[in-house]
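Right after this note come the structures.
In the two complexes that follow, chain A is the common piece, with chain B as its partner first and chain C second.
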Partner chain A sequence: MQPGALAKALKSGAIWGFILLELIFFSVAGEFLSLSDKAFMDWENMLLLLKQSAPIGIIAMGMTIVMVNGNIDLSVGATFAIAAIVLLDSMTWPIFAGLGDWVIPVAWLLALMAGALLGALNGLIVWKTGVDAFIVTLGSMLGYRGIVFMFNGENPTSHLNWTLVDFAEAQFLGLHTATWFLLGVTFAIWFLMTRTVHGRNAYAIGDNREAAVNAGIRVGPHMMVNFAIIGFLAALSAVVFYSESGSVNPNDGQLYELWVITAVVLGGTKITGGAGNVIGTFGGVVAIQLLRKGLGHIGADTSTVNLVIGLILIAVLFLDKQLNVKGKEELKI
Partner chain B sequence: MAALSKAQIGPILAKQGILIAFAVFMIAFTIASPKFLSVDNVFSVVRSSAILGVMALGVTFVVISGNLDLSVGSMMSFSTIVVLDLHDKIGPFLAIPAMFAMTLALGAIIGFLVGYLRLNSLIVTLGMLSAIHGLTLTYSGGQNMDIADKEGTWFSVFGQGTALGIPVPILIFAALAAFLGLVLGKTAFGRKIYAVGGNDTAATFSGVRRARTVFNCYLISAACVATAGLIQASRSLGSQNTVGQGLELEVLAAVILGGASLLGGSGTIFKTVIGVLILGFIQNGLLLLGLQFYVQFVVTWVIIILAVWLDIAAKRGKLWSPIA
Partner chain C sequence: MTHPVLRLENIVKTFPGVRALDGVSFSVLPGEVHALMGENGAGKSTLMKVLGGIYQPDSGNILMGEDKAVMSGPLDAKSKGIVFIHQELSLAEELSVAENIYLGELPRKSLGRVDWAKLSEQTNAILEKLNVGFDAKTRVGDLSIANQQMVEIARALTVNAKAVIFDEPTASLTDAEKVVLFDVISDLKNEGVGIIYISHRMEEIFKITDRITVLRDGQYQGTVNTAETDEEAVTQLMIGRKLDLTRNASHHELGDVALEVRGLSCGKLYQDVSFELRRGEVLGFYGLVGAGRTEIAETLFGLRDPSAGQILLDGEEVRIHSPADAIAKGISLVPEDRKGQGLVLEMNCRDNMTLPQVDDLKAGPFVAEGAEVAIFDQYRDQLDIRTPGWKQKAGNLSGGNQQKIVIGKWLSMHPNVLIVDEPTRGIDVGSKSEIHKLLRKLAAQGYAVIVISSEMPEVLHVSDRIIAMYSGRIMRTFTSDEVNEDNLIQAISGLGSNEAA
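Coming up: the complex of A and B.
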């Protein structure tokens, strides 16, 4: 076996092994601890799990490409809330009154455009000023949240459109609408990152920015496009979620950035850039959601979920480090 | 001629830009609102900034050593809840050292993971943010924590008392800032922190123990968080589990505003204090002008990016980034 091959196989397969472990553990533990008679691996339950993964998962796909670039976006939670408000508020604007249900695609489009624009603004600032993405998006996390409050103060924004709710609650081929969006986005970003020049450039820039510049890649516009993508996806996530719920609080989406980054890191993306893929991220998203649902299933409360996810994140980082160090020789277990 | 004066202005702006910005702000607000510089108002601003400020002092050490600490918010919730709970169980005399010991233990865990195991500090402290939040909820059972006898305890002195006419939180903040400023600026330990943050390979070769230095920075950060938790608990004598939620990023904003580089190796306690005061006075000034609280979010956004941008623009001698 090639030196490091075992370490590599362990790393790429680790998240799926972890998911399998979770499934077995919660199924067995559920037999003894669960209050409900239903099995954990119930089909309905698994479908619901995928649907509940969608809001974090859709954003996580965008975070993967941004982090592969060597950047980070802390403002996604605020962008999520702005897009939700644009969606719900624009449906009540008098200029769209005559549209009937055609107001839905218009509202969707406006919300998605808002998200993409806010993302692009982050990217433009990173590009033109050269300030680190961590600081730029830390700032815009505050700034965008301020914009959220400007809409409606501390009051919630609500609007229910029943056509839209029916669409969001529909199940096509057994999967919920939100799940289809998650799968679609996963496929689209997978294609972008593995089958296009843009995707290859993303890895090149994250791996070695100097070298990428010397190779003639226009790093600035490239990064800006990726920030626009994550902004767009944060808006898409909001649009899918709030089509169903119909009401947004100004604090919604807070801490989403932390959940998203946790999922992406669990999925094997390097925080320093240059490595990572959306399939792993998908695994990370599912693993987190499984953990939340599973712990709920065996009667643990939310405090345990936070504790366990935090410890797992650190453990994954530790194992990853061990594999990286030892992979260069041969893995010793 | 113009080029010459530009060359002279650049370094001055780079070094003292944050002070100049602070002065401009203070003058502008004073003209706009006469109440702004009154003693009462200044005290009230500094007092309400003290909790954030004390935490920012500790985070400054961590950032100079080239690391991040995103766990300070949830750690502050933890120490607040713990000290309030123990106050009624074992009395304030024992509760305070017990709370400090528990918070320092958390800091030691982070210091061990980042210092000795060399794990990425962003992810470790992100994990600890979540884990400590879970720990706090488990400890309190999800309940709010209140002191039973709010009138009869001397515990409120740290948050509500005054000494020599000055509110105690301000005194704690000032004393801690002076002490930590000396530690960072005048001791061998302080110089080691700059060395590790500036170039840890070079520091290691010159005999600085990187792991131990980073470990100590996280201990200092935890001690500051415990102090902030003490002030918070004493001020309100009751608390929710989420009292420190989101503070980690505000603290980081203040430290960055003070000019510390996230790459490590630069920053001072004095500049962090200025960063904290700028955030506090902007918030207060905008409120005095009759603007809604959320306007300060947007203003803070603009200021953070402008401050960091001008700082690096002065260093590289060009306004726009060289990225193609």
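Coming up: the complex of A and C.
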């Protein structure tokens, strides 16, 4: 075995080991602590878990490619809320009154376009100004959220379309609609990142931007495409979620960016870019949802969940540094 | 005479306030290795950026064969057959060899997919030609520096290269790896490719190049046939005057032992290192990059924990746990990366100089600015630092003056041992000899000085004794009487005798 091979294996499999650990822990602890007598690892419960993972999970796939690129997008939560408003509000617009249920695809299209445009705008600013993505999207996070409040003040925007609700609650081959979207997006981004030239370039840019520039890759436009993708996915996440719920509060989607980033980092993506993959991100998303659900199952309240996830995130990154062979030869600080 | 593959005519490039290139012309013949030399700031990199399409010249022409060429960008230059092997290896470490070689031009199938079969087939064909020991799928981060360089060269071979530019290619290669590189260069040469070879290393220049072009301050100084010139003449062209690089001959009285190291080891980085350093002595450490010299300095300065061995200061064993510890015990380190590790570039000169002791200069809760200025003035005069005033940002000074600020910073702490890692890296030739004189002067004043350097003339010039290292071990310790270029080279290549500790 080569030196570092064990560390490598541990790292790539670590997230799945962690998920297994969670499952065992909550199953056993649930026997003693749970208020319900339903087992934690119940099939229905697991299916529900996947469905509940979808809103964060769909965005996390976009965040993976953006972070592999060496960027970050903090505005996804606000984009999510804007897309939700576009979706629900557009269905009540008088010009679409004659469409009947055909208003649904129109509203979807409008919401998705809004998301892609907002994302592309982030990308354009990063490209043209050269300002760090962290700062640009911090600004747009505030700005986009401002637009949400400008639209309807503190009031929720609501519209329930029963055809849409039926679609959103449907199950196909046992899986919920939202789960299918999550799986579909995961596959699409996996394909994009591992099989296409665009995906390989994303790694190259995140790994060594200068090398990418010298090789003639058009880095600016490339990054803009990825920001458009994550904007589109934030909107898709909203579309899937609000088709079912039918009502959006102006605060919805807040802190989503942090949950998404946590999932991506847990899944093994380097925050400096250049490394990471979609399968790991999927594991990260499931692990977080399991933790939230499991802690709820044994009777812990929401604030405990946040504390535990915060601690685990730091512990995981510390472990990662320890397992890293290079870490040992680093200078002390 | 054959027609040049590449000709530059009267290239002018100005930046705000600087005339970086002032009418530079030179040409490369097919099958020629043409050295481009000059001090830092002479305009070599600007010229190469013009050639690579990163900068557009204000005036002047680039001719390829008989036609005028305009390079609109790196990719355009490459498609015209101009390929760069960069000094800073420009590779994505997480990607495979094949992906790096075809970066920016990965072969595609439908749906924008990468054509992996074609990619590895093309790559392996090129790697076979270079006769290297790794394959297309290897992760670049797992290769040695030399092999990474081979990947860069392989990249050059993917296009029908007319001119290949090597920028300081041997900076981090071992001698054996250099031989392989020179073989590849001579193969390219035989295929009629024109080669531009940028290097500071005279012995290489005289070994492999056919002609030498020298730049100084953005101006063309002339082109000479390598066979008809010598090092001295080329240096004189580079700096515009003669350079004093005589061997260190001053033998003054040495004091007692300030620092002793016994059997010091740090994992795989270096093993079983022992030496003594006396007051008034300059001890040179010479070796290749990766020989463990810098790591020893970092251990003495408390940045690394040794895995075995003892450090004795004035005969007493000490343990150094942190740089703060080292400073308190009188050990100072002038690091190799001046801008990254030695200075706070945005801070003014005075504050940089008093950084380690600002805590001791307090008047009540406030920093005593007067005392700071006094310290700055003292060392500005003593070290002859040329700056308009202490308010000047350190980042605005020349390399030589920056280095003096760092040295002054440590002298103001009155150290027992001063370690200087690569004292003249990135400093122009003129200021170099000033730094050398300064180091000799400090020794004469009774400081115990360690100088780590990758430049042989420098080590020979300033040191009283020289420790030659190879692959983490001390190969031999020379006194200035017994050392010469040949036995020093042998020792750092692992050929010399292993001295008993």
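Here is the rule we use: the second predicted complex is superposed on the first by the 324 of 333 C-alpha atoms of A that agree within 3 Å, B and C clash if a C-alpha of one lies under 4 Å from a C-alpha of the other, contacts with A are read in each partner's own complex, and residues count from 1 in each chain.
We adopt the following convention: a contact is a pair of C-beta atoms (placed from the backbone, for glycine too) under 8 Å apart; a residue touches a chain by one contact, two chains touch by 3 or more.
In this text, all values refer to a predicted model and were calculated from it rather than measured experimentally.
**Student:** So in the superposed three-chain picture, is A:T92 touching just chain B, just chain C, both, or none of them (first/second/both/neither)?
**Tutor:** neither
**Student:** Give one of first, second, both or neither to describe whether A:S158 is in contact with chain B, with chain C, with both, or with none.
**Tutor:** Neither partner.
**Student:** Regarding the shared-chain residue A:S27, is it in contact with chain B (first), chain C (second), both, or neither?
**Tutor:** It touches nothing on chain B or chain C.
**Student:** Counting residues of chain A touched by each partner, does chain B or chain C come out ahead?
**Tutor:** B
**Student:** When the two structures are overlaid on chain A, which partner does A:V213 contact: first (chain B), second (chain C), both, or neither?
**Tutor:** both
**Student:** So, A:G146: does it touch chain B (first), chain C (second), both, or neither?
**Tutor:** first
**Student:** Determine, under the contact definition given at the top, whether A:Y203 touches first (chain B), second (chain C), both, or neither.
**Tutor:** Only chain C; A:Y203 stays clear of chain B.
**Student:** For chain A, which residues lie in the overlap of the chain B contacts and the chain C contacts?
**Tutor:** 213
**Student:** Tell me, which parts of chain C touch chain A in their complex?
**Tutor:** 73-75, 78, 84, 86, 88, 90-95, 99-100, 103-106, 108, 111-114, 267, 269, 298, 302-305, 322
**Student:** Please name which positions on chain B make contact with chain A in the complex.
**Tutor:** Per the touch definition, chain B meets chain A at residues 113, 117-120, 122-124, 126-138, 142, 245-246, 249, 252-253, 256, 262, 292-298, 300-302, 304-305, 308-309, 312-313, 316, 320-324.
**Student:** Can you check the complex and tell me which residues of chain A touch chain B?
**Tutor:** Where chain A meets chain B, its residues are 74, 125, 127-132, 134-136, 138-150, 153, 213, 218-220, 254-255, 258, 261-262, 265, 271-272, 301-314, 317-318, 321.
**Student:** State the interface residues of chain A toward chain C in the complex, per the touch definition above.
**Tutor:** Residue positions touching the partner: 195-198, 200-201, 203-204, 207-208, 210-217, 274-275, 328-329, 331-332.
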